[in-house]
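Data first, discussion second: the structure below is written as structure tokens.
Chain nomenclature is as follows: A, B, C and D, assigned in order of appearance, with residue numbering initiated at 1 for each chain independently.
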């Protein structure tokens, strides 16, 4: 029941990334080469305190009739970007596992690159929670907003 | 990222309750007397393998103009009922904490008793997930559907 | 399926409130007096382009053992605050109806006033979507994050 | 705010499909050929009152190290299956648009065919809501549970 909540080890301004863009790219290449199965479409653009931004280079595979992007294209980027945001703050030792993803689809995406702007809401010892806005490159309003919860395995 | 998931200790047909209706009522009275602050409105009606049903006796406090129930009335019942469903299967030792609740409001509730029919989707060592349909007593279609995730503290 | 999305009439910087704090307070008093059934605990503090902030004055009724707030207290405030944020931008003619609310409970709230900081993600002709961070007064990190979807009735 | 809800035209036992498996397969082939871009992996297996079941034939593209399935594989199937369940009950005239999808990832999927068992929770004139359990073929417990909301365009 809604009673009490676990201790958060790093919160708010105190959230500091421990991996930079190069560290994150190298980690993804080594541990998750399958995200590149359609070419190097995902890249990490920036990390900051409690934040991360990724870009997805859109190709013919992701475009739908009417010149929009498929839903799974957006959902895959949101999951990878939130994972990267957590990884950047927890470090390369832990394997976070997605337990919940909730999407609100807001507008029709353009057939352009898609940006994912993540913000961590909580970074606890067992669970991390973040939100992400997905934006068509060059547009001001998000096409999709998502929140995700990730289970962080016990560290030895 | 979506990779692998923790071990579930009890699943499907193997989910067996370890507390019965009387155990659960006694536990709630002892540990959460505050749920009775508006009278004894909540009661546990049934528990089964992976399931639980609760009833909320509706009073003037919960009724809104137009003869419907307030949203917080429904949300409070969903949270308590999912908590009870987990408790029934985990036993009175652990204090599960709500980490996520997602509601779809489907129909206008009648100003009658509200039933909560819960089903556990996962009962892991660290997280439990369940769904609940809320129904106006005597009606066939749910007024609200919710899913909830609860963090289960480590057992010593 | 994930294909195309309805036209949004007001987006981003173009979202301009059409009711101010006094308008909103007067509207709530007239149309929803039941929110004051435990005293005048809810107040609108600010509205801006695409945003609104509400305060909930916490009383003994909302406090739980251990000096924290009940979950329904948080959920009720989130729903009211998102409703007010939409109302501020749509005007007093329409009756928005909650269709979905999703909560991530992040930290244990303090037994202090609770603030709700809302941001609209979409304000379409049929659906409005917003997010809200709930914060204990004086604290930097949210205790709860929620997203909500509201159905906006056809205007005559 | 949580006040009142729109009229549902078909509810509960009264939900009757108006398209059968062959109708649905033909509609998908004609309108959404892009779902077959990796081969004919999706098939409609059954429709019933308020329900639909789809199967996804899993190939090397969907399998991840450790012999599990990728998250986007599961999310894409859930969205298509809910869309098909709604289509089966609304008929081929309307283009439903996904507005919300919420996923709880429950267990590690096996590298087998994935089944999607859908149930409609509401079929209104403007919004349809459904839930879906995703199961590895041959297993008893769902690997993922999702709920989805779809906006139904006005019919002329």
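We take it that a contact is a pair of C-beta atoms (placed from the backbone, for glycine too) under 8 Å apart; a residue touches a chain by one contact, two chains touch by 3 or more.
Everything quoted here is computed from the prediction, not taken from an experiment.
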When the contact pairs of A-D are compared by residue number, which of B-C, B-D or A-B has over half in common? B-C
Would you mind checking which chain's C-alpha centre is most distant from the centre of subunit C? D
For subunit C versus subunit D, what separation do you get between their C-alpha means, in angstrom? 31
Find the geometric centre of each of subunit B and subunit C from their Cα atoms only, then give the gap between the two centres in Å, rounded to an integer. 25
At least two partner chains per residue is the criterion; list those residues in subunit A. 1-5, 64, 70-72, 79, 97-100, 102, 104-105, 149
List the residues on subunit A that touch subunit B in their complex, please. 1-6, 32, 79-80, 83, 95-100, 102, 126-127, 149, 151, 153
The answer for subunit B against subunit C in the complex is residues 34, 37, 61, 64-65, 70-72, 75-76, 79, 97-105
Taking the touch rule as given, give the residues of subunit D at its contact with subunit B in the complex, in rising order. 1-5, 8, 11-13, 64, 66, 68, 70-72, 74, 102, 104-108, 121-122, 129, 131, 140-143, 145, 147, 149
